[in-house]
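Some structures are shown below for you to check.
Both complexes shown next keep chain A, but they swap its partner, so chain B is in the first and chain C is in the second.
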Partner chain A sequence: MQPRPQSHSAALGPGCTGPSLANPTPLAFDHQRQVAQAPSCGAEAFAVDPAALANGQPRKHTTYPYVTGTSVLGITYKDGVLLASDTLGAYGSTKRYKSFDRLRKVNESCIVGAGGELSDFQYIMRLLEELSDDDFCMDDGHTLKPAEVHSYLCRVLYNRRNKMDPLWNSLVVGGFHAGKPFLGTVGMQGTNYTDAHVATGFGNHLARPLMREHHRPDMSEEEATALLHQCLKVCYYRDKNSINKFTIAKVSAEGVTISEPFALETEWRYKLFENPAANAAGAW
Partner chain B sequence: MAGASQQGGFAFDLCKRNEFFEAKGVKHPGFTKTGTTIAGIIFKDGVVLGADTRSTAGTTVADKNCEKIHYIAPNIYCCGAGTAADTENVTGMVASQLELHRYATGAQSRVVTAMTLLKGHLFKYQGHVSAALVLGGVDFRGPHLFTVYPHGSTDSLPYCTMGSGSLNAMAVFESGYKDDLTREEAMDLVARAIRSGIMNDLGSGSNVDLCIITKDGVEYLRNHEYLQAKTYERQFPQKFASGSVPVVRERIYDIKKVVTVVEGEPMDMEA
Partner chain C sequence: MSGIGSGYDLSASTFSPDGRIFQTDYAQKAVDNSGTVVGIKCKDGVVLGAEKLIISKMLEENSNRRTFPVDRHAGVAVAGVAADGRSIVSRAMAEANNYKNFYGDPIPGHVLAERLGSFVHLFNLYSSVRPYGVCTLLATYGKEGPQLYLVEPSGTTHRYFGTAVGKGRQGAKNEIEKLKLEELSCQEGIKAVAKILHQVHDEEKGFEMELAWICDESKRQFQRVPQPLVDAAEAAAKAALEAEDMDD
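Let's turn to the complex of A and B:
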């Protein structure tokens, strides 16, 4: 049995599969003969299999996302971090996958939420699972801290961007470690920062102003949940690619809980919506 | 300009000239835009309009305290976003037309009249007149609030926002609007919405202007909230708290010995 090939190639960088996965290699492929210089530490050299290139297969680069998720919201409160998003995977303007979990658990102290291309998010989760599995096998009591997960994802996304083949995602990393909440975001170019409240996509324009108005670092969980509900509602009203089905993920000292999907009460029957053309024939 | 129609209709003589210039690589001249937050809300007895006061030319702030709420009629005001020249001239033009119309009819202008004049003009220019407007007023049929888009479409809404800060302001409206707001609630909500645009959008800034229109009249609150105030104002003369400065020398003059106080007439200042 061949060992499962790692998704991290020491030569290509994190998040990039080495030649063994990227291109089909014949069994007789001898690294040391094909490549002039290989690292003396024994790592794989950066070598694209010439056989694959010779077949005329083009090297594909991500230029356009297909199945996308919209905004992810995150806020810190007194005892932890809350992440929120809807559960829609949109295919252009079609609401194609209405039960897609865009908030996922990494380990007991860290959660990740993603907008953008959802297949790339699934790949990112696979990378994080590999890291967590390695931790589990080491069995030394250490798990990835949320700041480490955030830093790792920054490097992966920036690395891929430099290869002109980005992972088309806007990620939010939330965690609770050593009694302090952690909240950070990473964009598809590798732009990253940490803050008391973050949002991706439309959430930046719609939710962030409300968070700036109402957020305090010593909020209780109820207040934080109420603020998130308000922001989710506004995002649902004004973002075309969203549905009224949300999940909220919580990280605190007790660990991670991801809620069941829920809907919010929305108001569509204001009196003045009823007959807009009453005094303005021809308008709507 | 041979071939241009005498009355109305479209004249496209200059389009060919512009295309020729663009093909030669001559750049279209830029224009002052108002990256903006404007908003309006209908409350129980009328309309509250709000706007920020920043006017930008590219990335520079051209005017730190411009007026974006334009007069259309004694009972109708209009906030404008987009190209500053377009909003000012189009609202001025419609205000003049409405004034002549008032002389002809002898009656108060209606808000739909202003809306129809604006949308007709903007549609004729197919979006090239870049004016995105929030039009509000009160006439005999009650309070009205319309948005007019640069291509000429209109919406009739209880609350609306336009400009680059529109999403930020709309977030505040969507979480705060309810039926039958009072005047104070409506003013507070609009001020919060404009403040949200100012704080979260780079194209909006400086101060908040409000305009409250009811059937009894108009209250134009220019710089209702002055958000760019200096945090520290120097006092003249400097006031030092007693005990904070060491006293080096003290000399007391008793001027009653040399000055006589005489009662008299106050000086006449009118001249």
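Let's turn to the complex of A and C:
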């Protein structure tokens, strides 16, 4: 029994929005994917159908993320790249899923971190896993380089945005290839760039000033980790949608390691916090 | 040979009076005339070995692959018509991918073997196509542990402890039966396979040996056996065979 593709809008073609994007293409007698390296899940490329638009049906698309992740931080150091994030999947204001890995490994030379809609991130990881599995089966010693992963994600996010159905994510791609660290970011509109240090969401405002001040390309791993801890702490203090449970992922010549979750020391014993209602007028 | 099936061997959709489909038998002959391929299931994994006959001195080493991964946890070795083999590998990859997309889990060995068997069987039903001239040895390592399957040109599939196809299959099967497979680790298994391949090889022309395994040591992923281990296994095999020759 195969699930039937559903469509939100006839204008965008069959099975192009919603869960049907994850449906496998049917295994016809001698079906080969049109393009090598294209994942087998997901719709074929198409153009918006103007005739269906004229039908009068309203166009529907992702308007709102539901389970979200907050900032992801990334810095390069002498021997590689470090990514850091907390492990929270928030449902609006509710801190609902407290052990969600927002930093994931793609292959031995590349990691991806995501904020935004976490179900879209899981879909993106599925696409990347399929590409990695294809590389494995090709068995010619070549795997996706970090810059290729970054480029691929840019195209995917940009094309989804053009279909008015974005993958609601801010992604950070970190990797180490040919002796050089790679660090890039992709936004939900397809905006992308590479830099020596990046952050998504609130991290842009809270962490990047610290990075600009303290980052050097030849930092040691300990210095880089200390800088990230400092940035994570600030993000935890000032970002309402965060928890004190973080992971740090490292890519270097030895490969990828993603740490176990850890907490940071925080200080809350400020006098004004002790009796918050002391100066409040008209308390009921 | 051409006189035997006269009249009943022109298409796969014709039975002979004694109940055989000659086209399928001829496909099996194509496999029987190709280089030997051996597979054994050891206690911690599966080892596949292929005897690649050197058809020309101008061939570059290591071209002409005979073992292929079809997913992380599964791989095949093909014996018979090489081009047919590539088609089967392609189909196996598509089946594994399709299963994973639909069920979310890597395809179990028996499911993949059945799907390949059904696929190969299709080509034994119609006169407009010819049967695949390949035997496929399928090695998987999933939740059910290591498994070895053989898919024949007729579409029948069986699960084996150890099997061989190709020119030297009789000698190879005899040797496999002598092995104590439940106690053999894959490290020892590759030496055993190397020895069998050298033993059954018809000494006129040279051959390349291709070994692949899926075991705990390869992190349960199908891969070519690393070159140092292949070299060590080949050296051990040649030494063992020489020792046996001297004993004789």
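Definition applied: the second predicted complex is superposed on the first by the 209 of 284 C-alpha atoms of A that agree within 3 Å, B and C clash if a C-alpha of one lies under 4 Å from a C-alpha of the other, contacts with A are read in each partner's own complex, and residues count from 1 in each chain.
Just so we're on the same page, a residue touches a chain if its C-beta (ideal position, glycine included) is under 8 Å from a C-beta of that chain, and two chains touch if they have at least 3 such contacts.
Since the structure is predicted, the reported quantities are computational estimates derived from the model, not experimental observations.
Of the two partner chains placed around the shared chain by superposition, chain B is the only one that A:233 touches, whereas chain C remains out of contact.
Contacts of A:276 after superposition on the shared chain: chain B is touched, whereas chain C is not. Shared-chain residue A:210: touches chain B; no touch with chain C.
In the superposition on chain A, A:139 makes contact with chain C only, while chain B stays out of contact range. Partner contacting the larger number of chain A residues, of chain B and chain C: B. Using the contact criterion defined above for the overlaid structures, shared-chain residue A:130 touches chain C, although it does not reach chain B.
By the touch criterion defined above, A:178 lies against neither chain B nor chain C after alignment on the C-alpha atoms of chain A. Residue overlap on chain A between its contacts with chain B in one complex and with chain C in the other: absent.
Of all the residues in chain A, the ones that touch chain B in their complex are 202, 205-210, 212-213, 230-231, 233-234, 237-238, 270-273, 276-277, 279-284. Within the complex formed with chain A, the chain C residues making contact are 68-72, 90, 93-95, 97-98, 101-102, 221, 223-224. Within the complex formed with chain C, the chain A residues making contact are 2, 22-24, 27, 31-32, 40-41, 130, 133, 136-137, 139. Of all residues in chain B, only 42, 111-112, 115-116, 141-142, 144, 146, 154-158, 167-168, 170-172, 174-175, 177-180, 192, 196, 199-200 touch chain A in the complex they form.
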